[in-house]
Amino acid sequence: MVVHNETSTGCVTRIPEIRKVMDRARHPALLMVDTISSLGSIEYEHDAWGVDVTVTCSQKGLMLPPGLGFNAVSEKALAAAKANTSVRSYWDWSEIIAANKGGSWPYTPATNMLYGLDEAIKMLLEEGLDNIFTRHKRYSTATRAAVRAWELEVLCQEALEHSPILTAVLMPQGHDADQYRKVVLDNFDMSLGAGLGKVKGKVFRIGHLGHFNDLTLMGTLAGVEMGLDLAGVPHRSGGVLAAMDVLKRSEAVPVPRTAVA
Amino acid sequence: MVVHNETSTGCVTRIPEIRKVMDRARHPALLMVDTISSLGSIEYEHDAWGVDVTVTCSQKGLMLPPGLGFNAVSEKALAAAKANTSVRSYWDWSEIIAANKGGSWPYTPATNMLYGLDEAIKMLLEEGLDNIFTRHKRYSTATRAAVRAWELEVLCQEALEHSPILTAVLMPQGHDADQYRKVVLDNFDMSLGAGLGKVKGKVFRIGHLGHFNDLTLMGTLAGVEMGLDLAGVPHRSGGVLAAMDVLKRSEAVPVPRTAVA
Amino acid sequence: MVVHNETSTGCVTRIPEIRKVMDRARHPALLMVDTISSLGSIEYEHDAWGVDVTVTCSQKGLMLPPGLGFNAVSEKALAAAKANTSVRSYWDWSEIIAANKGGSWPYTPATNMLYGLDEAIKMLLEEGLDNIFTRHKRYSTATRAAVRAWELEVLCQEALEHSPILTAVLMPQGHDADQYRKVVLDNFDMSLGAGLGKVKGKVFRIGHLGHFNDLTLMGTLAGVEMGLDLAGVPHRSGGVLAAMDVLKRSEAVPVPRTAVA
Amino acid sequence: MVVHNETSTGCVTRIPEIRKVMDRARHPALLMVDTISSLGSIEYEHDAWGVDVTVTCSQKGLMLPPGLGFNAVSEKALAAAKANTSVRSYWDWSEIIAANKGGSWPYTPATNMLYGLDEAIKMLLEEGLDNIFTRHKRYSTATRAAVRAWELEVLCQEALEHSPILTAVLMPQGHDADQYRKVVLDNFDMSLGAGLGKVKGKVFRIGHLGHFNDLTLMGTLAGVEMGLDLAGVPHRSGGVLAAMDVLKRSEAVPVPRTAVA
C-alpha cells in the first residue's frame, strides 16, 4: 500500500519504480495506491503502471465537496477478491460491479455529487489533463522558489518527489508552526495546512491544488510572507518576488475556465 | 447631481463641501448623489450631509448580483416631486411609498434579490460599517503604494479624494492601457477595469471593493505587476512588496466572515 | 395598447383581429402588446401578427425569477422613436440597439438572470413550443371542466378567449373570494390569485403556467375543491374528478423534463 | 436487527414490543434498529425504547440529499464494541467518539451535507416533531382510504403496523406492477416505488414522506388513479375523492414552512 501524493509531507511516490522493484522480486502482492490528493492534478496511470487497486475521492483534484470515494481495480485484484472467502458486504466489489453494468449502484448513492462529478469531469477534459499537470507543476516550482528566497526549507528533500499540489515547509528551530498558522488565519483568513503526526508543530503546508490559478497562488504566498513577518519567524523577505519571477519566466499555461463562462 | 465615488476616475467627491457651498449660496436646487459604487464601502450620510436624493444599486458594496436599484429621498425632494405636474408613472415615488407602508411594492419586485439583500445587510452589520470603511481604505493605501513603487501615476491627484474602492492608474505615454489589460486577462484570467470616455486607453483601473480581503488584493496586485512586465510597460518592480509593507504595518482590520461560517 | 393574456380576468385578446380592424380603418397608431404572462406559454407572433412593440418579462412563461424585461420592436416603431424629439434616456432604444450589436448592453445588466435565461430558452426549445402551447391548453380545459362541475362560473365568457395559463372563477353571491383564499392558504399552503380592481373579492384565480404538469394541476384543483368545502362556499363536489376525466381522455402531451435530468 | 419502517412493504415494526420480548426472555443480544426511512417522520425513541444501535441516514425524513449516515449507540453496545477484539478501522466507533468530543471527525466529512443538516434540523424543530408525526399519519390514512376506494389491497395487513410514510399496494392478479409504474412515469413524470424481492412486479409503492403536504399527496393520488385507468388495471374510481374526504374531515395540521419563508 502506497500513498501517491503524501499530503502530510508534500512528497510524491514514484509508483512505476515500486512496481519495477516488485516485479524484479517477483513479489505476488497486490499493489494498492492512495491517489486521494493527486488524481486529476498529478500524472497517474492505473493500468500502464500496473497498479492493482487505486483509491481516490471527490474533494481534491476533482474539485467537488467531500462525499464520494472511487476504486479502480485490476483483474488480478478482482481475482484475489473472488478467491477470498472472508465474509464482507460493504467492502465487496462484486455487487457493485454487477449493478454498475446497468448504470446503477447497489445502495442509494450520493446523487447530487454525481451531477457535480459529471460537470467536474467536463471541466477537466475541457482544460486537458496535460495542461492541468503542467499548471500544478508551475505552482509548485514557484512556491519552492519562494521558500528558498525566505531561506526556509522544503520538507521534501528529493527533487524527483516534490509534490506539484502542496508544499510542506519546515519551521526554523524554536518556532511553533501551529502558532504561526494561527497568526496567518487571524490576520488574513487563510488556513494553512498543519503538520501531522511526527511533524506536528514543525511544518506548515501550502496547498496549490485544483481550481486554482497564478493569482490565487500569489495571494497565498503573500499571506505566508506577511505572516512570517507578523509572527516574528526568522526569514528573508523576497519569496513573493521570487515566485513572480518563476511565473513570468515559465511558459504561459492556459488558465482554467471560470465557473460560469 | 454628483457622483459620490467616480468609478471611471477613482475620485471621491466631498459631498458635505458641496452642500456647504450650495447652502452658502442659498441655492434652492435639490442635491442628488449617485452612490452606486460607494454605498456600503465608503462612509456616506444621506441625512446628516443634507442630500435630497441618493441613488444606489445592489452589485457593488452590497455584494449582490446586479438587479436592484434604491432611492433615499428627502422631505424637500418629496415635496418637489409632489409639486411637479409632469406626467410620469415608472419614475413616480408616491405609488411606491404608499405600497411600502404595507411592506409591499406596486409592481413585481425581483424577489430573489431581496432574499440576497437581507443576507448582505446582515453580513455588513455583522462586520460593522466602521470596520468595512477602514478595510477599504487599507486596500487603497496599499494599492497606491504599489503604484508609486512601480513609478506609475494614480489618476486622482487630490489625496483627500482618493477612492477607497478602486484606483485608476495612468499608462506611460505611448502605451495602450487596453492592450495591457488584454495581456493581464489572457495570462492571469483577471479583468482590470477599462478607462472610459476621455481616458479610454490611457488608464486601467484596479478594483478593491466589497467582499474582498488582504490576500485577494495581493493576488490582484501581483497580476498587475507581472502583467506590466509581460506587456513591456516601463515600470520599476517592487509594487507588490510596497503593498505588503503597508498591510503589515497598518493596524490589523478584522477580516469579513467567509460566506458559510 | 393591448394586454395579450389578461391575468386579472383570464381572457386572451385576439391580437390578429385587432390588427385587422386597425388595418381596415387604416389607422396609423402603433400596436403595442403586453405579453408579460403569455410569452412562452401561449402562441404569439410578433412579426406575423404585425405588432409594433411587444413587452414581456422573465417571471412567467420563461420560468425565471422576476428581474428582466424585454421589448421586441418593429421597424415602424423604431422609426417613430427616431422621429420623436422628446428627451429620454432610460426609455431610449437607440443606445441599447447600438450596444446589442456587439453583444453588450449600455448599463450593468442583471447578469445572473441572463445565465438563467439561457437555460430557460434551452428548456423551452427542448420541449418544443407547440408541445408547450398544447400542454397549457390541456390544463385550462381540465380546469374549466372542474369549475363547471363545481357549478361555479368562469369569469371569461367567450370560449375563444379562455386563457390557457390561468382561470378566474367567480364566487357565488354573498361569498368573499379573499376570505376563501385565506382558508386555502391557511389549510393547504396554496396561494390562489386575488381578484384585482373591479373584481376584488369577487373572483379567485387558478394559475396553471410555466414549469407545471398534470399532477401539479391535480394538487391545485384538489386544494381548490377542499377549500370550497372548508370555507362553506356553495358548490357541487366532483371538480377534481371532472378534471381527471379531461386529462385521461385528451391525447397525452409529453411532459417537460425535470430540472436535473 | 430490525427495520423500523420497512420501505419495501410499508410496515412499521413495533420496537417496544420486541424489546419487551427480549427482556422477558432475558436475552443478552444487542438490539439494532434501522431507521433509514423513519427518523424524523415517525415517532422513535432510541433511549426510552431500549435500543442499542440506531442507524439512519440523510435522504428521507431529514430531507437532505443522500450522503450522510448516523449511528446512535447505547452504553451496552459501546461496551460490547470495546470488548470485541476483532480488527477494524472504518467500523470502529472509538476514534469517532474521541474526535466528536472536540466537535470534529477522524476523516474528511461531507461538509456541505453538514450545513444542510443544520438547516434541516432547524426546520424539523420549527415545525415540531409531534406535528410532523401527525402530518404523516394524516397522509397515510388518506392514502389507504384511496386504496380501499379503488378496491385494491394494501400490502400491510396489520393496522397497528401501517407505515405513515409510504403505502405499498398489491396489483390485481394478472397485472404487472412494473408495467403500470411505467405508464404512470411516461404519462405523468411520477416515479412510483417498485416492489422489491419477493413482491417484485406484484406491488407498487406510494411515498408520502418528508417535505410534503396535502396537495402534493393529492397530486400523487390523482396520478395513481389516472394511471390505473390508462394502464387498464381493474379498479373502481373514487380514490382521490375518498382521500379528500379524509383530509377535509381530519383536524387541520399546520403545514410545514416553504423553503424560503
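First chain written, first letter: the chains are A, B, C and D, and each begins at residue 1.
Note that in this section contacts are C-beta pairs under 8 Å (C-beta built on N, C-alpha and C of every residue); 3 or more make two chains touch, one makes a residue touch a chain.
Please read all numbers here as calculations on a predicted model, not as lab measurements.
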Matching chain pair for A-B (criterion: over half of the contact pairs shared, by residue number), options C-D, B-C or A-D: C-D
Rounded Å distance between chain B and chain C, as computed from the means of their C-alpha atoms: 40
Between chain C and chain A, distance of the C-alpha-averaged centres to the nearest whole Å: 53
Junction residues of chain B, two or more chains touched: none
Chains touching one another, given as label pairs in label order: A-B, A-D, B-C, C-D
Residue ranges of chain C in contact with chain D within the complex: 186-190, 213-220, 222-223, 225-226, 229-230, 237, 240-241, 244, 247-248, 252, 255-256, 258
Contact footprint of chain A on chain D as seen in their complex: 57, 59, 65-67, 108-113
